[in-house]
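There are two complexes below, and they share chain A, which is joined by chain B in the first and by chain C in the second.
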Partner chain A sequence: MTAVAFLFDVLAYSAVFVLVGLGLGIIASMMGIFNFAHGEFVLLGAYTVYLFEQHGLPVWCGMLAAPLVVALVGLLLERIAIRRFYATPVVAMLGTYAIGLSLREGVRTLLAGQFYNVTAPLVGSFALGELSVSRWRTAVILITLLVMLGCYALLTQTRMGLQVRAALENPALARASGISTARVYAATFAFGAGLAGLAGGLMVPIYSLSADMGVPFLIKSFLAVMLGGMGSFDGAVAGSALVGGSSAALPWFIKPVVADVLVFLIAIAIVKLRPDGLLSHWRR
Partner chain B sequence: MPEELISGPARLAPPARVAARARALLPGIELGLLALALVLPPFLEDFWVLFATRVAILSLLALSFDLVWGYAGIMSFGQALFSGMAGYCTALLATQLGVTSVFVLLGTGALVGLFVALAVAALVILGKRAPSLVFVSLGTLTGSYVVERLARGWSFVGGQNGIPSLPRLTLGRFEIAEGPMFYYLALFVLVLVYVGLRFFTRSQLGLVLAGMRQQEGRIAFFGYRLQHLKGVTFCLAGLIAGISGCLYAFHEGYVGPGQLGPVQSTQVVLYVLFGGVGTLVGAVLGVSLVDLFSYFLSQRFETAWPIVLGVLLLLIVMYRPSGLIGLLVSDRERIGSFGRGGKTGEKPR
Partner chain C sequence: MAERNGSDPQSLARRMFLERAGLLGGTVAVGGGSYLLNPKGAWAADPIRVGIATDLTGPISWGGVPNANVARMVIEDINAAGGLLGRPLQMILEDTATNEAFAVTKVRKLVQKDKVDVVFGGITSSMRNAIKDTIVNRGKTLYIYPQLYEGRECTPYLFCTGPTPAQQCDTFIPWLIKNGGKKFYLPSADYVWPHVLNEYARKTIEKHGGEVVGEEYFPVDHNEYSATVNKIMSSGVNVVFNTTISPGVAALFKQLSDAGFSKKGGRLACVYYDENALNITSANEVEGLASCLDYFKAVNDPYGAKLQEKYTKLYGTKNSFTAGSGSTGMYRGIRLWAESVKEARSVKREEVAAALDHAKLLDGPGGPCEMVPGTRHVKMNMYTAVAKGGKYEIVEKSNGAVLPGECLKS
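Entry: the complex of A and B
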């Protein structure tokens, strides 16, 4: 029975984490920049949900709005600042770090440094055999699966997905074929930000809302993206699932601190040995 | 004018006279700052002396980052790791074994910084394949995060609280108290390191580093082992960061996990970026200006000042990648010249 509970716990954590990692991975693959403000996009998503609750609106409305709001913020930032950084990955890190700093401290000021809890739209749990399973966590897993399927369909089935893949594969040729890569990049950035916002919105009932809630996700999702290999959709998902899953699973066996450190060290070692990502072996 | 078009390429190699005149500015700034730093403390209130001491110590850390990024092109988000580790080790030495001699502690700090940097370099920089820039920056960042996490969880080093109430440093029988004494100690170390680095960056090795920064492939083609050069520079920077960490711990009388972590590491990056990458004086200037600025902002806006700092930083990164020093000094002078005549003022990465 504990095995099922264990699996469920790992799954629920990985689900949220995959959304964060996927957003970061899409941006990193497409533009080659690592977005240090990604944790703050998660935070903004959570904050949006909190605002909805404060104003007496239903929480699920907030969760619908969170990705849109954060995507808009991302689009705005991309237009103003981030598009200047595409040629220079290190400057991009510092620039996005500065953006993240401002966003985080802004939310901290708004929250007055407090922790807040938001109640989930689905409360309670249901019985699965003898095990009681949290409804909200189940919903999170299902939503994540749906979103991932949606992303996959968007990339492989639609005209826009084709343009995105073209711009990823060969930007110069894509431009020559009449695809506005600038527009594709802007859309991609907004989309990645929106995914982070969604993750933030979904996780806020599970974790409490505070200004620093996005920070632990940032470094882990960096590792996840490097682990999966930049430049692919499946790589980012696989890497995130691996890092998220192992950082949820290991604390069951060893001390949380040691587990956390171990995940990092193993991930770094793997990336060192296999710089193109885990999946590079199977691809082509 | 057509004449200008014809003489276009010649502008890259300017007459020696012009170059010489332009080059005079940087030493001027350096000497001016030094004179200011030497003369000022007796006229300042106690708070400002402590402030200036902290600036001098953090300048060491900033110099170490400037060395790795500005000169060797290694993006290290882990400088605080070296300084913090040195801080912890020397603090343990002082509290557990009762060592307070400034020579022993500073030496230990430097060695700890050196060896931690060596270990990190072995993992992240050295190896069969040349690592990507992103891997190095994320690797060092991760190292910094991991060690902070460990320090927070390990009760032997005080867990969350760190190691408080460190004894004072001693020089022979003298106790070096916080205030002017400690300030001049820190300044002395800073000047020593600064002069040393100035020689280092103008040496043959510095020349190779400058070439590497411009065009890695070509330097590799000359037969230099890039990764070894980078490793050596990285370790030297670790040593300097170690000294800084030791001084910082004993100046504050406290060492905590925050001094190890990514927040401190990125703070150092901000300092150097603000001041100007690739000029030693830019790092010092950056620390002074950012700290002064943060202080005054925090007086005016109690909670909102980090927001302003973030926006300001973004503006600098976007519009003035060469930092504030770039306002004063030309690119050519910033990069410096080796041998006779002026080198071409090609923009660094």
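Entry: the complex of A and C
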């Protein structure tokens, strides 16, 4: 029974991380910039769901709206500020960090520094033998799987995906072939932001809403993308799953405070051994 | 085109407006941070300066905001009643922003530039430890700390007006053993308060025939507790005595609730949980949670009820007047200090401290209280309450005032 609980735990936590890491990974590999406001996009998604609940609308409506709202915010930010950073990745990090800080403090003001609670659309747990399994966490695992498949299909099977990959591989040639890379970048950024919004919306009932909720996710997702290697979809997924999975698994065996540090140590070791990303061996 | 011409007076005016708006916005955003409440009306005498240093922003602002509100309310009351020694009180409020390094400079300003006669504030123990030296030793100023804490603070001229581990555990833990069971689990945040409190709690649990099955420390923002929840569920733990704090605590309580801990007869306990904390998770997730504090709204004493009414009228219900955020300690602290100033007929540190050493309040939220001479800690009533449907019900009241049990020798 313990083994089942353990597996479910690892799966549930990895799912949340994959959702966050995927958005960050897509933006990082497309534009070559790390979006340090990603944690705040997660926060905005959560905040959207909270607003829906506050106004008496169903929570699941908020969860549908969260990715759209955050994608829109992402699009706006990309048009105003982020597109100016593409040439200078270091400035981009600082710039997005500043944007994130403004968003976070803005939400903090709106929440008056308090913590709020959002009720999940599926409350309670179901019994699996003697084990109680949270319904909502199960739903999050399933939704993550669907989103992952959807993203994969979008990138590999559609015309838009082809344009996106073209703009990634060779921007100059893509532009010469009549693809508006500016538009593709904007759309990709909005898409990545939307994924973060979805992640925030889905995870807010599991944790609770506070201005700092995105911060730990940003740092670990950053690590996940480094692990997975820039420029690949499956790399970001694998990296996120590894970071999420080990974050959940290690406290079963060692002290949680040590586990938190160990996750980073393991990740640094892997980055050192495989600087091109986890899956580089299979890809080439 | 005319509209595009830079020398167009309209455009110039617009630019100046933008510049000034920017300047104003910048001042509002960056500057300030401190707030002065000048006494109303005409006063002949110099004001007595009261420094309040608390976390108006940052993760602990849920406690700092009501702390500042309470201070303002009490100080306005005292001024309305004629001030102290014929002098009005002037409140100087500094935001310590839940940041110890930043707080030290703010407190230094209070002590050195504003030359305050007393400082109230600090919520977390790490904050108290960071600012106390600047106030008490280098600043030679009286310091009153309002929040419940881990004890062992015996610095001269530092008075603590919140509950100590003895006050929160001595009656509470026997109650938990009776109304929960003997097997305890101690999930905790990794900082000074949980470590020291757990030491005391463990001793008390073992003294009353209980057993600590596990004691674990997590980073403050930890959010994945499945391993711990599994250990709790599989080892037949009766009582989870929690000292994790926000933001991590929400995830822990949710995951315990999902695993059915309370439904299967387990008892959740947390000694800082008050009415404000009930907003952290939804009501059904903390149903049956037990807490032990010096005041709950449910105590419904006439004095407390009147205070509540007044506070709510002034500041609303968003950051309400509760014990877990140090608001009752702040109330008690300012009142006790004011009594001491009256008795000492002075605001000098030595004289006020000598009077404060045996100061008493005949009434207050939750009942009367008094300093235990020689210890700089307060003896007060304690209440055990259980959360039911998003509210507390008092299940046990201490038999008179409980001793703080701190700084006994010396």
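Methods note: the second predicted complex is superposed on the first by the 282 of 284 C-alpha atoms of A that agree within 3 Å, B and C clash if a C-alpha of one lies under 4 Å from a C-alpha of the other, contacts with A are read in each partner's own complex, and residues count from 1 in each chain.
Here is the rule we go by: a contact is a pair of C-beta atoms (placed from the backbone, for glycine too) under 8 Å apart; a residue touches a chain by one contact, two chains touch by 3 or more.
Remember, it's a predicted structure, so these values are computed and weren't measured experimentally.
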Message: Per the contact definition in the header, classify A:V4: touching chain B only (first), chain C only (second), both, or neither.
response: neither
Message: After the superposition on A, what does A:L173 contact: first (chain B), second (chain C), both or neither?
response: neither
Query: Does the superposition put A:C61 against chain B (first), chain C (second), both, or neither?
result: neither
Query: Looking at the overlay, what does A:V271 touch: chain B (first), chain C (second), both, or neither?
result: first
- request: With the two complexes superposed on chain A, say which partner A:L142 touches: chain B (first), chain C (second), both, or neither.
  value: neither
- request: Considering only touches as defined above, state whether A:S208 meets chain B (first), chain C (second), both or neither.
  value: second
Message: Looking at A:A153, would you say it contacts chain B, chain C, both, or neither? Reply first, second, both or neither.
response: neither
- prompt: Now for A:Y116: first (chain B), second (chain C), both, or neither, which partner does it touch?
  reply: second
Task: Would you check which partner chain A:M226 touches, where first means chain B only, second means chain C only, and both and neither mean what they say?
output: first
Query: Which chain A residues contact chain B in one complex and chain C in the other?
result: 108, 255, 257, 260
- request: Sort out for me which residues of chain C touch chain A in the complex.
  value: 57-59, 61-62, 65, 190, 216-219, 221-224, 226-228, 230, 234, 246-247, 250-251, 254-255, 258-260, 279-282, 318-319
Message: Considering only the defined contacts, which chain B positions touch chain A in the complex?
response: 75, 123-124, 127, 129, 131-135, 137-139, 141-142, 145-146, 149-150, 152-153, 262, 266, 269-270, 273, 303-304, 306-307, 309-311, 313-314, 317-318, 321, 349
- prompt: Within the complex, which stretch of chain A touches chain B?
  reply: 34, 81, 84, 88-91, 93-95, 97-103, 105-106, 108-109, 219, 222-223, 226, 255, 257, 260-261, 264-265, 267-268, 271-272, 275
- request: Give every residue of chain A touching chain C within the complex, in rising order.
  value: 1-2, 5-6, 8-9, 12-13, 108, 112-117, 119, 124-125, 132-134, 137, 206-208, 210, 212-213, 215-216, 247-248, 251-252, 255-257, 260
